[in-house]
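When the chains are written out, they are named A, B, C and D in that same order, and each has its own residue count from 1.
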Amino acid sequence: MIKPPHATVPPGITTLADYEAAAQAHLPPEVWRHIQEGAGEERTLARNRAAFARWGFLPRAMADLRGGTTALSLFGRAHLAPLMLAPIAYQRLAHPDGELAVTRAAAALGAGMIASTLSSVSLEEIAHTARDASRQLGLAPSPLWFQLYLQPDRADSLALVRRAEAAGFEAIVLTVDAAIKPAGLSLPAGIEAANLKGMTRLRQTATAGGRIILGTALADAAPRWEDLEWLRATTRLPVLVKGMLLDEDARRAVEMGADGLILSNHGGRVLDGLPSPLDVLPGLREAIGTSLPVLIDSGIRSGADMAKAIALGTTAVLLGRPQMHALAVAGMAGAAHALHLLRTELEMTMAQLGCPTLADLTPRRLIRIHGEF
Amino acid sequence: MIKPPHATVPPGITTLADYEAAAQAHLPPEVWRHIQEGAGEERTLARNRAAFARWGFLPRAMADLRGGTTALSLFGRAHLAPLMLAPIAYQRLAHPDGELAVTRAAAALGAGMIASTLSSVSLEEIAHTARDASRQLGLAPSPLWFQLYLQPDRADSLALVRRAEAAGFEAIVLTVDAAIKPAGLSLPAGIEAANLKGMTRLRQTATAGGRIILGTALADAAPRWEDLEWLRATTRLPVLVKGMLLDEDARRAVEMGADGLILSNHGGRVLDGLPSPLDVLPGLREAIGTSLPVLIDSGIRSGADMAKAIALGTTAVLLGRPQMHALAVAGMAGAAHALHLLRTELEMTMAQLGCPTLADLTPRRLIRIHGEF
Amino acid sequence: MIKPPHATVPPGITTLADYEAAAQAHLPPEVWRHIQEGAGEERTLARNRAAFARWGFLPRAMADLRGGTTALSLFGRAHLAPLMLAPIAYQRLAHPDGELAVTRAAAALGAGMIASTLSSVSLEEIAHTARDASRQLGLAPSPLWFQLYLQPDRADSLALVRRAEAAGFEAIVLTVDAAIKPAGLSLPAGIEAANLKGMTRLRQTATAGGRIILGTALADAAPRWEDLEWLRATTRLPVLVKGMLLDEDARRAVEMGADGLILSNHGGRVLDGLPSPLDVLPGLREAIGTSLPVLIDSGIRSGADMAKAIALGTTAVLLGRPQMHALAVAGMAGAAHALHLLRTELEMTMAQLGCPTLADLTPRRLIRIHGEF
Amino acid sequence: MIKPPHATVPPGITTLADYEAAAQAHLPPEVWRHIQEGAGEERTLARNRAAFARWGFLPRAMADLRGGTTALSLFGRAHLAPLMLAPIAYQRLAHPDGELAVTRAAAALGAGMIASTLSSVSLEEIAHTARDASRQLGLAPSPLWFQLYLQPDRADSLALVRRAEAAGFEAIVLTVDAAIKPAGLSLPAGIEAANLKGMTRLRQTATAGGRIILGTALADAAPRWEDLEWLRATTRLPVLVKGMLLDEDARRAVEMGADGLILSNHGGRVLDGLPSPLDVLPGLREAIGTSLPVLIDSGIRSGADMAKAIALGTTAVLLGRPQMHALAVAGMAGAAHALHLLRTELEMTMAQLGCPTLADLTPRRLIRIHGEF
């Protein structure tokens, strides 16, 4: 028996881990597996959490906390906290309201949201709902970005960009790490890629004795550097590249005009064996300097995780799977509550560290933990 | 069914771990959880134990043990052993006799005790009971210190200091690491902060859409360096600062006139991710030299732990949670027995190490254990 | 009840681990144990897997994958992929069709096969079946090598080499790491070393109070360097040495004219405590350079494992126990499917790494993982 | 129900671990615990095994094994293998025949034996039984040493030495690491320290409020360097010191005329936190050179363990607890079988390593294993 979602936050939920524990009962097994699972032996999935555990804190005693805040500015735009909702495909898998519930939660908490190319609600409806919700609550509109998967037909990619611009999205996030991956969940009836109706799509087709992946149309259509060049030339919006880990790739992206990077291993869902973004972050910051916005995701589950990522050089973090957990448990209320929990934890951690602002979160507040666990 | 406490030490208890194992049956679940639990994912809680496991011993063979002793002198005062009872709030949660049972046990064993600001029996009654017990047993009075939590209203803080001085406490311990932490246990009827009647108190109050912690009165009232300056100027008693871990903070405290430090992560109860005091101890000793008394707590559970802490530079250790375990199991008798067990283990360890005095416990008696567990 | 093998691949099998999990039900317990078990405390067996886990991947973003392929050339001969079937004795233990099923699977997938001296079907029949199968499928014949265990009587060793040459085997693999090992499985009726009929064989014979192993005929007959010299002089086929791990031994083998090496610890079946071939591979490549073909086995279970081995310098890998698992579950169909799975995984991994060819798989695509698990 | 011992080796026992697993059923629980348990949290007990696991093997391929042997000479005396039976008190706890069964097994296998001061059969009877057994079997007498615990009254210690000399023991082993330890098993009726009848003995006596260990007669009577000086001057037999771990102590013992050392942590039974003798062995060999015989015990359970210890510089090893396991399972037959298993494993390991003699076992045959388990 699958539990229906609650209308309000159920009692006893005080951490994102509680949402995760509660979510399974609200989801069909194959959807639960789809959300949770990692590629291969799930080593990267485990490492995404372990990477945070290997950093500890070194607080300053008796620091002056007066006037503290988590606010920051990104691409000339105020953010209340260094926290955005990661692009997650097909959110209606978790709750009938899907992306719209998440959109309203983000608006209510003033949190940023990145809508997926593969959203189960059209990007226009997401943008419209966001604006409406902010207006009704009397709040400034919260940041809204669009995540782009390149389509086999470039005209389709272009159409998506133009629609996102028209709908008022404020940045384009080009995801480059998921073009080739094992076949996933077959979507239940009524859930589909709302943005891609009528567009050409590819899938893996190995014929016995023939080519398998290399040398097929699928591999030939994977994103290339020239695609980033094209995108950069195509839109005036800030362009971020999501899903790279190498210093040299980061440098090249910056040279090509990328406005920001999102370090990610796609939540351990694509290639098992990837390091955690947290692990490559300090080196990458050394390689490209501190001026470019660099966000990370994969494994963020608490305000303490956020504080660690920021101390190591990230500009802001993306919240992935926990969106789906909170959504499954309690829809819009759950998603809003999860965002509030994270922010409370971040502020508690900053206060306990003696860090009244994000700028006070530096590597000196961290200590590397070795071989303890 | 919660077991009533025993009147005498029950059979089969030969270590502090035995007290811990036995205690749960004597406590309401929420009190047990309150005593045991750590913040976050309890990594610091685990590390507090692991830190000791990562040091092994290198004994001297055939050393001359004649004339051995564990005695030391602190602030011009004789201590039988390098062991004090840590400040623990509301000890009546564990046993109806609460702080008074612990006080009598300390007096009987000649062990030092640090009374908490949040004791469930007034500081005056604790001091009085201590004196009485020593007199009845025909023993010299055992050391008695007072732990201070700064109050939002400075007049209240001042009143606490003056009362402690008047009651005969011999040192003030200023705890600086626990001003901001998640809401804890709600106290059962009849248990309260006996010292704070009538004083102003603060709690976290997040209003929707408003400030959460940073920028609220709670963060604004957290202890600052100027508070230590004030305390140092206010009393003639030795002042120790409890709850710092950084070399630079230690140096600053010393410069401001602190007479001693208590390295602590508050038993892993406040900010998860903190290192164990044992881990920072050697570096801190290098930073501030060997003359200042530096005590530690967090994870001390045996005489072997004590020997390791002393070999790494601590002057004495504080016993935390095990007080509550022994108290819950067998009240005053349990607390006294726990103190005796610790001392026996410390002497056994020193003898086996070929170290007749505390001064023989040096880093050369230790060996770092890597990657075995 | 032992399940009979399936005639086709059963549903739900998508990895080699699935074959392993399914195989036990299809095998008598003692045969299952014989296939799976390792020497001693099975530390080497565990390490063979752990060695792969300790390498992660660092992909290139947005690489051009067009024209990709896994093909390579070995001893002047085209291979579709860097994958051969390891010599496994007595394959009829796993399935009535034994070596013949494996031979047909290899032919169908164009994969190389190394027939064991201890095959339960004669080497002539294996060679004949391989040729037939390729012809029927209209495919080029797949590579076929012969693995040689030296016999106590050199004339018998010579006879085996001549028969392998005559049957059309293309290379000789001299296994040097398994002359002395604990007594194994007693073969069930009807299964025997088909190639060794009528030849002299030795076994361990400790008499009470007498010599045990050292100083007995068994130790005296173990392969020596002069045996490699003899083999090299005896045949025109490429000679590979299987079962060494030391740089200095590798160099010596090369100086004596070996055409290739197979680094192996015999799947952890002989001496517990050996390192994984993967662990010694990079050092060995430094010692002997990059020109000589160096293959490895022991612990290869996925295409990701293959990619790691190749990035670290191996020319191709050998698939060991999984042959037996797939054979037990579904005979020829299982073996063919297992080979297809591996190749698909390898291509997926290469694509995700941004490596269109084997030459793109370099150490820069790997990252060492420390202490995470 | 406690199983009676078998008269012959029961089926299914092929390793010392099998004896350990089988032994528990043959022993009263408190005896089993007494044999198995370690001090404190049993970290040293665990480390004694882990220390061996952290070394792997690097075999030489195709080495010439002809003429191999495990023989060595010690104090001018031939030993068949580098293996002696450690002193174990009260062997009649494990089997009614106690030390006599072990003595006969040692004689039958030509293995050395070290009789404990605390044997449950008199040293004279042990010596007599050993001679008889060798004579009956037509074998040369096997090596026989006496382990000395210093007695509070020096005249008693002297008497023990003289009796050992008179009975034909060939060396004295002075154990220095177990004078002060927690109270152990209370001996069952009929089992006693056969050698100590009528001698003065001490035990721990803490009076409330009084001295605990330091400053008591127990600590004052612990072995001192002057005791070694005395022993060295007292007997012509070779003197070995058992139970030290420090380089500087080893050097001092050598300077005082010790003829050999036995590195030991007493099987983890005395002070928890000690390193494994294997871990300190290489450094100690560097400190004192290679000429002095240095034996080790604590954790030896297989021929592979022996090979590792020898490669790291030990002259021979002592077998501890497994004696008691084999004795409990099958008396004399069990003990003899255990010795045979160990020697077979050692020879198998040497052959697989390409090492025909003990001198071939060098550090180059080993590889350090990091972080794998």
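Going forward, contacts are C-beta pairs under 8 Å (C-beta built on N, C-alpha and C of every residue); 3 or more make two chains touch, one makes a residue touch a chain.
None of these values were measured; they are calculated from a predicted model.
Trainee: Note whether the interface between chain A and chain C is symmetric in residue numbering, meaning over half of all numbers used appear on both sides, and answer same or different.
Mentor: different
Trainee: Superimpose the Cα trace of chain C on the Cα trace of chain D, which carries the same sequence, then give the rotation angle to the nearest 5°.
Mentor: C-alpha superposition angle, chain C on chain D: 90 degrees.
Trainee: How many angstrom lie between the centres of chain A and chain B, each centre taken as the mean Cα position?
Mentor: 43
Trainee: With chain centres defined as C-alpha means, what is the inter-centre distance between chain B and chain C in Å?
Mentor: Going by mean C-alpha positions, chain B sits 61 Å from chain C.
Trainee: Listing for chain C: what residues touch at least two other chains?
Mentor: 371
Trainee: What's the contact topology between the chains, one of line, ring, star, complete, other?
Mentor: ring
Trainee: Each pair of chains that touch: what are they?
Mentor: Result for touching pairs of chains: A-B, A-C, B-D, C-D.
Trainee: Could you list, by residue number, the parts of chain A that touch chain C in their complex?
Mentor: Touch list, chain A to chain C: 40-41, 43-44, 46-47, 50-51, 54, 176-177, 180-182, 206, 209, 212-215, 219-220, 222-225, 227-228, 241, 243-246, 249, 253, 270-275, 370-371.
Trainee: In the complex of these two chains, what residues of chain B are touching chain D?
Mentor: Going by the criterion above, the answer is residues 53, 55-70, 110, 139, 302, 304, 308, 343-344, 347-353, 356, 367, 369, 371-373.
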